[in-house]
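Each of the next two complexes has chain A plus one other chain: chain B in the first, chain C in the second.
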Partner chain A sequence: MKKRVDVSIPLGPMHPILKEPCRLKCETKGERVISVEMELGYMKKGIEQIMKGRPWQEVMFLAERVCGICSVIHNMVFIEAMEQLSELQIPARAAYLRVIVNELDRIQSHLIANFSYCYTIEHETLAMYLLNIRETVMDLLEHITGARVTCSYMIPGGVRFDISADDHKIIHTGIDTIEEEVTRYAGMFNTGSLIRLRSVGVGILTPENALLAHAVGPSARASTIAYDPRTEHPTYQDLGFTLVTRSGCDNHSRIMLRFDEIFQSIGLIRRALATLPEGLIRGGGKFTKGTVIYKGEAPRGELTYQITADEYGRIVDIAIQTPSIMNEEACVHYMMTDVTSIADVTSTFISCDPCIACTER
Partner chain B sequence: MNLLMRLKNAVRQRSIHVCFVDTGSCNGCDIEILACLAPRYDLEQYGIYVHNNPREADVLLVVGGVTFQWQEKLKMIWDKIPEPKVAIAIGNCAISGCVFNRRGSLIDPPASHIIPIAAEVPGCPPRPDEIIRAVLSLVPVVFKNWEEKRP
Partner chain C sequence: MRSVILYLMNMCRVRWVRSFLHPKTVPLVTGEGFRDYPHLTEHACTHCFSCMMVCPAPGAIEVVQDGEIWYPVIKKGHCIRCGLCVEICPDYVLDTGHVRRNTGRDGTFFQFTYHLDVDITRCMGCGNCSVSCPVNKEIDPQIGHSGCTISDEVIMRVIGGKARILNEAKCTGCKTCENGCPNGAITVARVLEAKQVQ
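Up next is the complex of A and B:
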């Protein structure tokens, strides 16, 4: 970057607002931040290199550990890609249970994203409320799958555990609590005057720029771009999924869109529980060789797996495209071109929900 | 050891600053540390305050199998922490590398090769109450007779 500024302020790699190591170089002119440059490379583990040449029994656990926050969707996309490759059919009950667990995972991921934003704009009360209601979601996830973070619930041909009639009641009670509380917190966020001062009109990502930067997920949908791979998923089509967009293009609408998606996920879980088909939870089959490209909607956006497998189910070649990298580039190049202060740089960066672990893998 | 020293030791045990460093984890252990902040677990009722400033910290939580970029920087962060200090390895990655410790990966575990680790919390990821218990069980040992030992 050409030097045309007063002071260059580095944030990170270890900084109180950043939970993961990455470096933001802020080029300032007085109080204003002219441009921001992001420096990555502290978290590269080479997980795709580890995956190559291993059987699917090992790779399905490695795929979960690409990202710890959205581990369920990585599991789901990898397993569904392998099923599509081998043309395996799964029982209808298993497909619905997959949607229930996936949407619970989306709720907790969106809650932690909104928690981070509220924590960054120093509204600690709302942040702690959101973090506390997240524990209820984690309880439901633990009740269904047996683990809090790395569940490995989905397996080829179906899911691991069934839910009983008692579990129906527990899930209904849980999501009723979540809906009631999150409605209150979304109202607090939407109407709080100091929150609006910090969020409305900050970090504008226009629809043209979002298309240029290939922004995906909530960052794109808050800029009126109606794109969601869930609309092409057969189970979501059965449940009548419709995507939500907002037209605010700023930090406030990105956070409010995540609240909207939480309510949408709660509706999907209710519909899936009401119309849960009877039957088996696991089918059978055999993996075959071939190449497949499969995409799903992670909490942060579109997630794509390209897998080449051999006839024994070993992974010959794998490429993962995670959503965070596009959102971070959109954030750095378009949202933070002329920001009022350093405090707005951090809050704008957190509003696009960066996940450095799945950016670098 | 006079009364003032004993009082100082007792008070120090109830005000601990924790700093955590992510050296290439999958984020799973990170969010379990964040979950400790939640009112359900309420880290601050034990006098533990989490922030990411090594210069004020007493306890360093190391997360993740150490990537090549962190090998020098982890030592630098450890040197910045004032005495008395302890480091706790959270999660299997910091202890052994877990699933990432394979041929072709870009990590070099364990973290104990670089800095002295006082306690290890295994799990992939460990539960928040296990993390809190590790911090709480270690702190009385560190601050027990610090006032006598301090330079």
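Up next is the complex of A and C:
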């Protein structure tokens, strides 16, 4: 980076507010931040290279381990990409169950993103409330799939386990609790005067800049850009999915948009449970050869898999494009310029929900 | 002001007051359906090795022999607790969480097919694959050191200086040939299909 001022402040790679290592180099003039640059490369895993030459039953688990927080969507996008490549049809019940588990995963991911933000602005009470309610979501995930994080629930042609009538009740009770609690927490966040002081008008990402930086997911939707690959997904279309946007363009509206999406996910789960079709959960079928590009909406934004497979369904070539890299670039180059304090750099960075694990894979 | 009221309302809830007066750490309990490391059940293992073939983590499960008894051993440092070995076991030897109960209820199962592929341009005709193959050894114990045999029942043998696949259906997917090939010419594809009883 070309130095323009005397004081450049490095944040990271080890910093209390960063969950994962990355380095933010801030050029400051007094307290005002003139420009920021991000340095990545502290935890490259090379996971795409490990995937090559392996069949789905191995790649599926590797795909889950691309991201530690939103693991279900990686599983879903990989399996659905391979299904599209092999032209497999899945039973309607399995498609609905996939949506239920995926939306539960989205809820817990958004909760931990909002937890991080509240923690960064030193509102630890609300942060711990959010982390506490996240446990309920994790318990539901564990009840349905058997694991809290690496669920490995979606498999070719369907899902691994069905849900019984008892499970219906447990999920309903769980999401009722989540809705009740998150409503209160969203109210606290929205009305808290100190939170507003730290959030409203900080880290502005104008719609033009968002388009320029190819921001995706909640970061883009909080800047009025109506884009969500879920609108093109057949199961979500059946469930009447409509995307939510906000026009605040700042930290506050990005966090509130995540709260909105949590309520939207709860609505989707309710609708999916109410209209859950009867029938099989696995359609069978083998993967074949071909090339496909498939998109899905991860909690952080658009996730794309480009896969080439051989005749036995083994991966020949794979490329994963995760949403975080675009959001981080948008954050560093547009949101952070001219923030009035170094303290706002950290909170703005966390507000775009960076995930270094999936950025570097 | 609204924020203060919200916080006060939060503190007036019975649950909050109770947890404030009697603070205690939530006990650390494992959920009922948690998919932990697989454990052995009372059923006897018939050493079909399906669990070893399906395992996505290298070296996490191994079927060993103790006298007349065979049983699978899980290596906890390697196991990723995916539960595939539990689902695929035809003899109910392993169990974890709700996996066995759910698969029994839903009638779901996995089916394996194995495919062998020889890259003719890479094959040197050394016969390592034919010699190392445990199925070949069982069919023809007299198999020669360069993969020479007169038996047509073997999985693969060297014909005209190249390894040829004769009976692909007999393959058990152990990948001994693939690991023994010095030139990476032979590959085994373990094709897994997820099915459900209609």
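Everything below uses one rule, namely that the second predicted complex is superposed on the first by the 361 of 361 C-alpha atoms of A that agree within 3 Å, B and C clash if a C-alpha of one lies under 4 Å from a C-alpha of the other, contacts with A are read in each partner's own complex, and residues count from 1 in each chain.
The criterion applied here is as follows: a contact is a pair of C-beta atoms (placed from the backbone, for glycine too) under 8 Å apart; a residue touches a chain by one contact, two chains touch by 3 or more.
Not measured: the values here are computed from a predicted model.
Shared-chain residue A:P16: touches chain B; no touch with chain C.
Look at A:T150: by the touch rule set out above, it reaches both chain B and chain C. By the document's definition of touching, neither partner reaches A:S247: not chain B, not chain C. Of the two partner chains, chain C is the only one that A:M188 touches; chain B does not reach it. Touch criterion met: A:F61 reaches chain B and chain C at once. In the superposition on the C-alpha atoms of chain A, the part of chain A touched by chain B in one complex and by chain C in the other spans residues 61, 150. Residues of chain C that touch chain A in their complex: 2-3, 6-7, 10, 31-35, 54, 56-57, 80-84, 87, 96-99, 102-103, 105-106, 108, 113, 115, 117, 189-196, 198. Contacts from chain B toward chain A in the complex involve residues 21-32, 34-35, 37-40, 51-54, 64-65, 67, 69-70, 73, 77, 99-100, 102-107, 124-125, 127. Remark: chain A residues 55-58, 60-61, 139, 142-143, 145-147, 150, 152, 155-158, 160-162, 164, 184, 187-188, 191-193, 280-287, 312-314 touch chain C in the complex. Chain contact summary for the complex, chain A toward chain B: residues 13-21, 41-47, 49-50, 52, 61-62, 65-69, 71, 112, 115, 128, 131-132, 134-135, 138, 148-150, 355, 357-358.
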